[in-house]
Each structure stands twice: as structure tokens, then as C-alpha cells.
Amino acid sequence: MNLGLIGLGKMGNNMRERLREAKIDVVGFDSNPAVSDVPDLAALAAALPAPRIVWVMVPSGKITDSVISDLAAVLEDGDLIIDGGNSRFTDDFRHAEELAPKGISFVDAGVSGGIWGLKNGYGLMVGGKQEDVERAMPIFDALRPEGPRAEGFVHVGEVGAGHYAKMVHNGIEYALMQAYAEGYELLDTKKDIIKDVTGTFKAWQRGTVVRSWLLELLVLALEEDPEFVDIEGYVDDSGEGRWTIEEAIANAVPVPTISASIFARFVSRQEDSPAMKAVAALRNQFGGHAVKKAD
Amino acid sequence: MNLGLIGLGKMGNNMRERLREAKIDVVGFDSNPAVSDVPDLAALAAALPAPRIVWVMVPSGKITDSVISDLAAVLEDGDLIIDGGNSRFTDDFRHAEELAPKGISFVDAGVSGGIWGLKNGYGLMVGGKQEDVERAMPIFDALRPEGPRAEGFVHVGEVGAGHYAKMVHNGIEYALMQAYAEGYELLDTKKDIIKDVTGTFKAWQRGTVVRSWLLELLVLALEEDPEFVDIEGYVDDSGEGRWTIEEAIANAVPVPTISASIFARFVSRQEDSPAMKAVAALRNQFGGHAVKKAD
Amino acid sequence: MNLGLIGLGKMGNNMRERLREAKIDVVGFDSNPAVSDVPDLAALAAALPAPRIVWVMVPSGKITDSVISDLAAVLEDGDLIIDGGNSRFTDDFRHAEELAPKGISFVDAGVSGGIWGLKNGYGLMVGGKQEDVERAMPIFDALRPEGPRAEGFVHVGEVGAGHYAKMVHNGIEYALMQAYAEGYELLDTKKDIIKDVTGTFKAWQRGTVVRSWLLELLVLALEEDPEFVDIEGYVDDSGEGRWTIEEAIANAVPVPTISASIFARFVSRQEDSPAMKAVAALRNQFGGHAVKKAD
Amino acid sequence: MNLGLIGLGKMGNNMRERLREAKIDVVGFDSNPAVSDVPDLAALAAALPAPRIVWVMVPSGKITDSVISDLAAVLEDGDLIIDGGNSRFTDDFRHAEELAPKGISFVDAGVSGGIWGLKNGYGLMVGGKQEDVERAMPIFDALRPEGPRAEGFVHVGEVGAGHYAKMVHNGIEYALMQAYAEGYELLDTKKDIIKDVTGTFKAWQRGTVVRSWLLELLVLALEEDPEFVDIEGYVDDSGEGRWTIEEAIANAVPVPTISASIFARFVSRQEDSPAMKAVAALRNQFGGHAVKKAD
């Protein structure tokens, strides 16, 4: 099995390694020549036997758009492009439409697993036509975790469905993280009786209702730095979380915990909150409540 | 009409002034002799013709408890105590029970209006027996705003109902303030097209759906300091907001906006968020996402 | 002063009446000939002296798009179109760009006031160039409420700023309504001590921190139907609320109360909640908790 | 090792079985004679060699209170009571104080695992004195899951700490369940592209960030009833969730996802929402928006 792989950053590079361990013959290209197997996309196309499969693993948005356009110019009728990046599912519709007239197929693949994927395998959610998905199955089997295929891979539905499912996955992930974090703060705040916060999370790893991989990671983090003295409560967010809210709004789905999670991240990045300045100013107006003067 | 008034702080003092303007003969007592009309509670009782009415306007909790106990010792059968402080409504049940064997009646009064009450009058919500409420009506009429009695005074129900209504009033107040504050931040953040934030709030004062007294106060605050440069986004909260959540929980009433308002205040007072440290630590574990190192 | 007015539905018709009372010479057009003053847009253009001002008051989205395109065909260099509908502010950018090459100016106007606007006047928030706004000032003055101009009208900023401000206004409005509604439920649920819910809201109208126009409307509603026996808890939402969340997400502004308000509306329209079915199914799996079987 | 066990309901009975499999000599008592090993508490005390350990596994609140009082009458200096029920941690303080003068020790144990505990073992969080916890360690080792003790058992801290940790565990559990449930609804609503919701959750079981035991249970539930046609979206809540919010409020800890989860459960149980009736009534007042008439 041959595969072209575009994008050899942190994720792409690990995926190339895992694919090669599984005897997939990978030709990698990256804008950084130091890690590329070929000098350009034309060379990549030339190095692959037709019909080709090319996996795109670059930042979503304009970069993915341009890589797919560039690929369209060097691929041919019967080839297949898989977008494994974090594209918005609505971008998939555009990409599939753009490629269809040239006879190039398109599959979108949501990929979960982060830096642990090289070792554990990547959870995969894909969208596209049945025949395209089947054709790429050896690739998916190489990337996904050990064990039954159905527990680490799913053909979710039409084009876009893979990235939609990955978007929802990330929305859930945000809320799960926030849930554990609120629990952490509740334990951490009760120092008069709670003497072992790390031990408590650690003890939840077996037998309890809240056991999960995120819980295990939280234990690892707490064992490194039990009071989080070296970490600032500043949290970025990525597109998927925001898109989840937008889709929820578009489809009238109430998502109170997912939205609370993303708002908590927004607040975490503010030096001072304009909204809370307004509340402080209001309290001062009606109640003569003291305000803290900014320095 | 005679009234004993215990507690001559910011609120109590203003109330004494408003009552006297309405020709109520007020005898005031405070732990601060400089503002007291009498040296002690016994002197206060002696200065009032029986049956007496005594209005208690001191901090809720232990201080109110002890003032009511002390009053019980100097008052007599037929007298009436009105608790106008911010007591939890469940305290009212205790106080009424404590006083009943001595023949002393009890009315609870929720009082809204803050520092503007002296001029505008105080919104009053009272709980207690019909005859007790009627007996104190001249007091209520003196304190409440001009205009129809029903628009500034209500006999809400049984003992405790006045403070319960005031608690709900404050819960609503929290959420109203947060709503305007979120709107402020949405306007403030859009500097590319929004050129007059203060003017926008000012223009909402007539004709719009969101016009309110709080809006007018926000305009006053913005006119003083349009960018809130002198105000820190640090907001205290008082008992009523917390009790509102507790009552909501106890009665299975969903209160998403009121709880969001109080949580926003909690966050506003944190130097750094333990919960968001936990989220940052988690992201770092699974994704290798950079964390901000605390200094 | 002459004005063309497109759209004579509930809002447009009331506005025509208010404008005519103010001696503005209005030529109205609607797709319904029964209420139109002219048979078509060409006739409307012909009936107005140049340079013309035409106010568009039709549903946002495709209808506004097509009305503006059609108007562009019959208007000429120097004319001014004001979009007073509930357009998304991003549509304003498109409309201004579409009209600019023809020399037609564009102003967006957010209009608040609902069915009460005819009598009370409409709160107005406008975006556009200074000279365009000034030119239309007699129209704005006729529509806005009595009193100082700055309390019922604002030139918010660039094109789009008027509708952005109206969008924020509506987002705030959602949260304000939800706040009062949560307070209503807290009072309504406590029937053992609360004997007069309507009276409590009524008494908040003067002197209290929560007094507002919405509170007055809630009192009117409660006086008509104190237990809301004739009303189902089913609440629609309009574009502005949703756009507010989308803008909050796009600009990383936390909006917990506004989002809670819109989610509460989503839930209110569900026969049964798919999410809560999932929670019920989960509880049943781990705890053997009984589930309610759907009929 | 001998143990007295009070309460042989669903949980207690399973625990007796698991303890006996581990060669703990259990004497069980329940108010139901059919499942009891002894006729009364006196007989239970007589059947155990001193110093005794008695595990209480009955409903929290008044029943636990009375069982502990009754036990105090039949136990003696040097005995140990473990409360393994779902008591509020503040009850533990009372119980320890009540028993101390009699020389009876007290340990509180939060127990997680539900109906799966018999097979998988129970996650245990305990609070109390070091010597008391050590003495009961064979019991804890018999009940907890296989594997390292620290991954299924923790001595959290002082008396009360075990139930506090269990309370937080359940608060987290509520939010985790809600997170998956929101994700379910987002997938379920997008039927145009999502063709395999069950398969998507199933595929998240390996390699993804959201894998957990709850996820596995959700897959089991979906495999039984993929559209949840037989389940109503009606969800009860238990004391721990409510206490979590109360503690959050008492300690000024923001818990937006945990509170959102509990509010979603409250809403799920309402035939119609009083709050949303109020919002519908308000919209009708200001906008003339149609309301749905209740039948």
C-alpha cells in the first residue's frame, strides 16, 4: 500500500512513523525540505502508483484550501484525497465539490489522539463514499489503535461527517476537562479536611463512575506538580470548540456544559474582564459599594 | 406614629431621615453612641409608647440574632419587631418562634433601593400576619416611594415571605447586571465599527425593550469613566445571591442565568483559577500544548 | 421631508403612521397591494424628489437582499437607502459595497420598540457615514421617542454598527427576560409562604434595583393571567440572539447569561430532550436507576 | 476478619457477597428479616468479636442518623463504625462527635461503582483517623477493585473527607454525563450527514481523548436502543449533586458545568416550565409574538 502524506509537523511526522511501522509505503512532503521525502507535490504524485491516495495533514483553513487546490493540479481521475486535518466540516463540502469534476475523490477524517497517537494509535472518524473509505482501509487500520476496528474507527456518514464527529468529540472533550477541573477546585479549596487531592484523583482510576483517560492524564499532571504551582490558569481554545457552539446554535441544540467550558477558557485569558468592570461600576452606582481601583 | 430603629449605619441613618421627614417620631439606637438617640435598648423601649414597633436594621446573621434576643428582653406583650435587614428568610422562622411565647409579633421586611432610597423611597416586601402589617403601614408608607402603594410595597405572605422575595429580587438583580455587562463587553470588543459605546447605552433609555433603572445607572457610570479605566473587574457578592442558588437547588428550580452571574463574580475575585490550571495541565498532557508557566 | 418606505407589515405600517403624524411625506410600498401607496418600486422612486431616502423594513436575509438589489435598479447617484430591518450586521457590509459603485449611500438602523413603538417611539441605533446620518435626521427624530435625542437615538459608528448594537440589545433582552423568569419560578414554587406573586412583581416597579420596562410588562401579563394557565412555556428565538452568541464566540467574549437564555428557549421547544434521554440511559446503565419508559 | 454490615439493599447485599468471597466473615442486618443474618443490632454486636467494625450502608439522613444512634447503644469502647452510605459530609462531623464520648471511632467511606461494583470492585474514598483507617484496611482491600491499592482506594483526610470526595465525584459525574449527552444530541440532530451515531461513540473507545467508562456504558445503551425510543428524557438527581452546588457556593468555587448538569435534570422533570411561560408571556406583551395556548 502506498500513501502520499502532506504535512510533517508534530502530528504528520508521528503518523508517517506509525504508517511505516505498519509497512505502508509513505511518501511525505512538507514545506520544510529537511523533513520531506520529495521536493514538491509533482514529485510526490510521480512517486505514487495510480490510483493514488494522498493524506493531507496541514492546518485547517487557507493552508488546507491551497494544498488541496495544488494537489488537484497534480493528481488525476481516480485518485483520492483524505483530509485528516482539523478542517471545519463545511470546508469538506467545498473541497469535495472542487475535486469532483476532476474525478478525484474526497474523504474527510477526524483524528484524535494527540501526541499519544504514535504509540496508542489514533481514533478515526471518517466521512465519504463507501468505496473510497474501503479503498483507504489499510491506511485507517494502520493508524487506528489495536483492537477491534469498530472501537477505534468509524465511517460516520457522508463527506463532512468525519470532521463533524471530530468537532463534536472536541466539544465533549472541552466539557469533560472542565468537569474534572471544577472537581479539582472543589477538592483543592477544602484544605481543612481534604489532605490528599492527587491521591483522590488517583483512586478514582478503578471502579468509579468517573474513570477515564483524561482522569489518568490529570493524575500524571498532579503527580508532576500537585499544586500546579508551575502552571498558569491560561487556556487556549481551538476552532472545533467554537464550531461546536456555532453548530449547536444553528441546529437549536442546547449545549450548556460545552459553552460553559469555552467561556471559562475565554475568561482565563483576560487580564481583566470588561464585563466585570461594568458589574463593579453598576454596584458602585446603586449601592455605594466600594470598587477596587485599577492601579 | 412612634418607631424604635436599631442600626444607624448607611441604610439605617438614611431611613431615619426619611421617616422623620414623614413625621414619624423615630428613636434610634446604634452601637455607636455618636449617632444614637438613646444610650441602650432599655432606654429605647422606655422612650416608646406601648404597644411599640421596633425596626431592626443591622447586619444579618449573628448580629441580628443577638439584637432580636436583646430586644425580646426589653419589649413586652403586644409589641412588634420588624426585621428590615438582609436576613435569610429561614432566620425569620426562628425569630418569630422565639418571640411568640412573649407575645411579641414579628414582621420581616425586604428593603431595596440602596443609597438612592433616601430620595426615591425604598421598595418594600413584607411577610407576616395581616394585623401586624396593617399596624405598621404608616411606617411602610413613609419609607416606600411616592406613587401608588402597590407599586412600591407588597405584603408578600407569611413570616419569611418578605425576605424570600427580597432574596429573589437580588438574584434577579445579579443576572440583570450580568446581562448588561455581557452586552457592554460585546460592544466594547468591536472597536472596528462601534465608535460610541456610552452613547449606545444612553440611547437605549427610551423606547427600547431593555430600558431600566440599572441601564440608567450604567449610563451614569460610563459617563464618568467611559472605558472603566479606574475600575477593576473585581466584584463581591452578598448572601442573597448565594441563598437564591441554594433555594433553587432545594426546590429544583433551574436558574442558569442567576448562577452564571454569581459564578462570574467568584471568578472575578480569583488571582488565578485553580480549575483553569487543571485544564491547562490536562491539555499539556494529551496534546503537548504549551502551558504558560507561572512566574 | 419625503421618504420611501418598503415593507408595510406590523412594524412598517405603524412606522408609516408615526412618520405621517410627524409630517413626513411617506410613500409606502409593500408586496401586498392593499396597503401600498404605489404599484411598484419604479413608481416609488418616481414619486420621491431626488436625492431620495428609502427606508427598507422587510424580513432580513434573502428578502432584504432582493429588495436592496431591486432598489439599486430604480434609484440613482446621491440617493440613500436605510435598512431598518433585523439584518445581520455582516449583511450591511455587503449591501453598502453593492450600492457604493452606483453612488447610493447606505445606513443601517436597528429599531427597538415592538408594537409599543407607534405610541412610545422607537429606540434607534444607526451605522453609517456622518453626512448620511445627518441627512436622515428628520426621519430619525420622527421615529424616536419624545425627549432628548441622545436618550432614544444613537449614531453608533460605521456601516453595520447599528445592526450590531441592535443585535447586542436583543442578546441582553433575552438574558433580562430569563432573569425575571427565573425569579418568577422561584416565587411561584414557594407557595407555602409566598401568597402574592403578582403583587410582588408589581411592588418592584418603584424604588427597587430591578425596576424596568420588562418588569412592567411582566406585571401586565401576570394581571391578565396570574398563573399563566393559558400560556405554554414554548418560546421561539430570532436571529439576533443566535448571532449574538456567534459574535461572542468569534470575539472570545464570555456570554454565560445570554447563552443560557437561548438554550432555555431551545429546550422549551423540545417535545423530549435527546440529551436527557442519553443521560437517563447512562444512569440506568451504571446504577440500575429506573428510567421512565416512553409511551 | 469480622465485619458487621447494616443495610442489605441492592448495594449492601452485593457488598456482603464480595466481602464473603474475600473471606471476610460478614454478619449482616437489615430491617427486612428475610435477608438478615441476625434478628437485631444487639445480636449483631454479640456475634462480632471485640473490638468490632460495623459498616453502615443505609439511606443517608434520618435513617443513617438513627442507625448510628442505635449502634452506639450496643457497641462499646474501641469499636469502629464506618458509614459507607451517601451521607452528606457535614453529617459525618455530627456522627463522629456523637460517638467520641463512648470511645467509638468513626470513619466515613464514599463508595462508587453502582451495580457493577460486585464484579469490578468499588472505588473507595475514606475519611478518618489513620489508625482507624488502617485497622479497616482488610475490608477496604476486599471491596476495592483489583490492581494497585492507590488506584481504587484513598484515605482522603479527616472525618468527612471521604464523603466530601464522593460528593465531588458525583458532581463531576453529572457534568461528564451531560457532556456526552450534549454530544449525542449534536450528532443525532445532523441526520443529513451523520449516518452512524452508535458507531461513532463506539469508535471513540480506543485512542481518543474522550474515552472513558461512561462512554462505554453509553455505547452499551445505544446498542440496546439506538434511538432511545424506549427511554424518556426524565432524569432524577440525588443529594450529592445538590450538595456539590451548595459547597461550591459556600466556598466561592465557580461550577458552571456541574450546575448546568443539575439544572438540565430539573428541567427534564417539568411538565411545563413556569419560567418559560413567563418568557413567552413577556414576548407576547412587548412584541405581539404569538404564544402557544395551553390546552
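Going in written order, the chains are labelled A, B, C and D, and every chain counts its residues from 1.
Throughout what follows, a residue touches a chain if its C-beta (ideal position, glycine included) is under 8 Å from a C-beta of that chain, and two chains touch if they have at least 3 such contacts.
The chain lineup, named per UniProt: A, B, C, D = 6-phosphogluconate dehydrogenase.
The model shown is predicted, which means the values in this text are computed figures rather than measured ones.
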(request) Could you tell me which pair, B-C or B-D, is linked by more C-beta pairs in contact? (result) B-C
(message) Assuming a repeat means more than half of the contact pairs shared by residue number, which candidate in C-D, A-C or A-D repeats A-B?
(response) C-D
(message) If you average the CA coordinates per chain, which chain's centre is most distant from that of chain B?
(response) A
(request) Can you check how far apart chain B and chain C are, centre to centre, with Cα atoms defining each centre and the answer in Å? (result) 33
(request) Provide the C-alpha centroid distance between chain C and chain D, rounded to the nearest whole angstrom. (result) 47
(request) Starting from the mean Cα coordinates of chain B and chain D, work out the distance between those two points in Å. (result) 37
(request) Mark out which residues of chain A touch at least two other chains, giving numbers and ranges. (result) 114, 178, 180, 182, 185, 189, 209, 213-214, 253-256, 260, 263-264, 267, 273, 275, 286
(request) Would you tell me which residues of chain B are touching chain C in their complex? (result) 89, 112-114, 117, 120-125, 127, 144-147, 150-161, 164-165, 168-173, 175-176, 178-180, 182-183, 185-187, 189-190, 192-196, 199-200, 202-215, 244, 247-248, 251, 253-258, 260-261, 263-264
(request) Would you tell me which residues of chain C are touching chain D in their complex? (result) 10, 114-116, 177-178, 180-182, 184-185, 188-189, 213-214, 217-218, 220-222, 225, 228-236, 256, 264-265, 267-268, 272-289, 291-294
(request) Going by the contact rule at the top, pick out the chain A residues touching chain C in the complex. (result) 209, 237, 242, 245-246, 249-250, 252-256, 259-260, 262-264, 266-267, 269, 273, 275, 286
